[in-house]
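You will see two complexes here that share subunit A, one where it goes with subunit B and one where it goes with subunit C.
So, the complex of A and B:
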């Protein structure tokens, strides 16, 4: 019992919104609904929900780097693409037997993280900060898109995997879990749903623990005032680099899951529009809190998809307007603002009752 | 093929790359250097200039006049954007980036909806001339001269006019300038309009050389950002030498391995320069001077 209490204590802290029995009971209810959801829904809708979940990882990565770390990175889609292509190349070459797809998942995320470490070394140890960081990461992303878009010819292949230029790669196997008897193939419906949901909850809770640990406090201290953090003896560059690499790995998870979900990946998943979307989800949700990011991402994605019925151009214009208005009117994000308001309301009510 | 034709070919490619880098970057550099604002909608101002230029030429006006109209319209749009959005975000530089990105999304998709996926282009004027085995476009030479002209014009504007003096005073110590009676908000508006107008000019100048699509801004934006990052905050000590340096890298790599490697060369150059000179070339020069 005391072990459970101390576990919950590590999940709570000044860096995350939501604490106490009320929050965790709500969390449990949401979890129950999420677990029972496929029972009441058809395969297509469940697959579509998985698609929403897939994007939450990249949103969390931006939340970590931008919201908590204070460095605005436009490069998340680059890591998304690297991991997605990595997964495609690995599985097309080695197939899906013996649970290799899971190895490919880990390897592809590791490739993205390695690339981030390399880029991050040059940026953070070159003391690039603020707007320049955004520009360099954006330039890298656009560069990668252009590079992948021109790999149409047959000379562009890695092993037996053709890169296929602008049309992208396709027909890679979905994630497969080795099982005695018959391996479980996770197609984009119920199977993949539980896998991604489990991964999402794990990542969410792990990030809560990380952000409320001393590491998270240092990250926030650097965001608030880098000079002061440095004077207190922390090597700002190392902390920023580690955050950047963790963020890249999260974006990489998104990329792999996306590739495994739809069994394709194209260069345009790294382009300008693709890079703008995570920014919108995170900004609208509330970038400085994990829970608001998750909720905001799911809400905005659902709204975006509902609007796409009227044409995706209109939906994108609406997203742009939403982003500009959020920045101007509610810079902390709509979901976070609402949650803080609810929290104050609850506190006032309990005060009156007590 | 003798040496002279080789030299001419290299110089021509250098000039072409230099003009592209400087013209696409100077609007961004003015806004960033003077106001510390990164305008991610820069590419869309370029697109605006190109579209307006093409529309005016289709309406029957000569090309130079079309370019002028494109420049002025972009500058006016710049004033509107500054009044509506940028003005409220001066103390939050990161949010400015995000907001201008939203604007860029609105502009690209809005143009796609209203004008369609492409617009009839404008023919490249002046024809071409022959040196050795290759033929060269005269218009590219005009663009190179235009880039030099823009740099000279900006130098004159910021050093010899009353607006330039007031703008530099506002940038250096804003509250002091305000105390001395300068309308700093007006200065910021005009500076932003100037940057937007320069972007429109770049769009107008390049309108005859490329296909007009709503996403054409993206072709310019990477080169523009790379030049500004390497150059640093000062237009003359930064953008011009950065344009020269990057033009050597880009034209060299392009003629060696093709266009893609030219761009990869740019990217590698920017990462290395940023590691060595975090404040760009102008930061390095200014530090040496003080």
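So, the complex of A and C:
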């Protein structure tokens, strides 16, 4: 029992912003709004919100590897793509009966994680660090993009699933939950919304617990000073590899959900622009904090989409400017900076009141 | 029994022979100081002991075991620990968290908290515990890192210039800290330029010069040695 209490106590800690009744009350209010939101909205808008949620997982993966671990991975989209294609290939071959889409989700994420374990082993045990890690991971995602782009011919197929080159794969079944009577198909509206929201909350809370655990301590210690961490007896390479694999799995979740959401996946999801965007969301939000990453990603994504819808051809330029401004004004992230400022303000007010 | 034994240790950086057939034996329970002019190869010797560098030839034996091929973290787990020359604290984390990270592999829960509190008192850093380690003064950073190093309860503690940048009072306090640790059974090997510190703590002194063991003995013998004075002490006290 006390073990369970101390487990949940790790929801708060030095590695995550937000603590105490005020934070969790706000969390509860946000959750209630999120749960009630589909009741007051139309299917299309809800589906669009799911699209935003889908990207949060890859943002969290970067937050974990880069923000907490200090290793800048430029290639999280590689794992996004591998899992996305993996889901497509599996479900196009085996269909959606008996809840197989959920099996495919897990399997596709596992394939991405396995690939990350392989790549990560050579990187971290080969002591590749800093900018070189970014270069290697970027090269991997661009290579995968190039490779998938040339699979247009009919000879490129796995089972009955054609890879289709630059046009990508489509028409894979959406996620389906087996149910007595009729299975529940999670189309990109209310059904998928609750599924993804549940998964997002679970991942967010689990990561809070992980980062405030002794494992999380070692991860940030490695970011701060890898030599010192090693000289405290920690096998730095092992910790970096595990973090990288967890991150890859999160990026893989994004990939599967994206594919299931739109029922398509193309090589450009692993291209240069796709690889750069998550970096911007995470940097603008605040890479070293989970909550800042979630909030920052959702805000930037919504703003980006609003810009593109309302006719601006400069949405990508705007993203670049936003990144430059963040680096100049709040290098740790705009959302994190604001939250820290609010925290200080609250502390000062309560001090004055007390 | 000797705790640490270096046998014919050699290290080249290109054409530079930084460690030249060094033989050095450390007895369990002693405080041993390693001195020598800049570029004598003292820090390189530390890195060879810690496994950050690998020797071209020769062996490192720790508690009777040949650890020459072991990775650094594995050597640490066998009972080695180090405080670096440039304080290697986790600057972005609080003082308390720094100690927690050092202590968490040996303690859990309430016991961990109690251990951190005990160590904070030992280091005289209780009032700084919530501070970022990066905001500490240079001397406090040195103490914090010593605290992290000793929290592993090592049988051999390596200190690379533990008093660099400290005032005479702080240097003296650090000396007392080292003596207290030694009284508790910890063997200490320290690189130090501050002769007051060496005089205060060292039971044996080894002089390193141009990568070789130049002289060895008690501090009085070393100070009396004119050859040593010529290469090191003479210049330092000129």
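In this text, the second predicted complex is superposed on the first by the 342 of 354 C-alpha atoms of A that agree within 3 Å, B and C clash if a C-alpha of one lies under 4 Å from a C-alpha of the other, contacts with A are read in each partner's own complex, and residues count from 1 in each chain.
In this section, a residue touches a chain if its C-beta (ideal position, glycine included) is under 8 Å from a C-beta of that chain, and two chains touch if they have at least 3 such contacts.
Worth saying up front: this structure is predicted, and the values here are computed from it rather than measured.
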Look at A:14 in the shared chain and tell me whether it touches subunit B only, subunit C only, both, or neither; answer first, second, both or neither. second
Is A:230 touching anything from subunit B or subunit C once the two structures are fitted on A? First, second, both or neither. second
A:6 contacts which: subunit B (first), subunit C (second), both, neither? second
Given the touch rule stated above, what does A:218 touch, subunit B (first), subunit C (second), both, or neither? second
Could you look at A:135 and tell me whether it touches subunit B, subunit C, both or neither (first, second, both, neither)? first
Looking at A:25, would you say it contacts subunit B, subunit C, both, or neither? Reply first, second, both or neither. neither
Residues of subunit A touched by subunit B versus by subunit C: which partner has the larger set? B
I'd like to check the shared interface: which positions of subunit A are touched by both subunit B and subunit C across the two complexes? none
Residue set of subunit C touching subunit A in the complex reads 50, 52, 71-73, 76-77, 81-82, 84, 88-94, 97, 100-102, 104-105, 109, 145, 148-149, 152
Residue ranges of subunit A touching subunit C (in the complex, touch as defined): 6, 14, 214, 217-218, 220-221, 223-225, 227-236
Using the touch rule from the top, collect the residues of subunit B that touch subunit A in their complex. 32, 36, 38, 85, 88-89, 92-95, 97-99, 101-106, 108-110, 112-113, 215, 218, 221-222, 225-226, 228-229, 260, 263-264, 267, 270-272, 274-276, 278
Applying the document's contact rule, which stretches of subunit A touch subunit B when the two form their complex? 70, 72, 119, 122-123, 125-128, 130-132, 134-136, 138-140, 142-143, 146-147, 150, 271-273, 276, 279-280, 283, 313-314, 316-317, 319-324, 327-328, 331
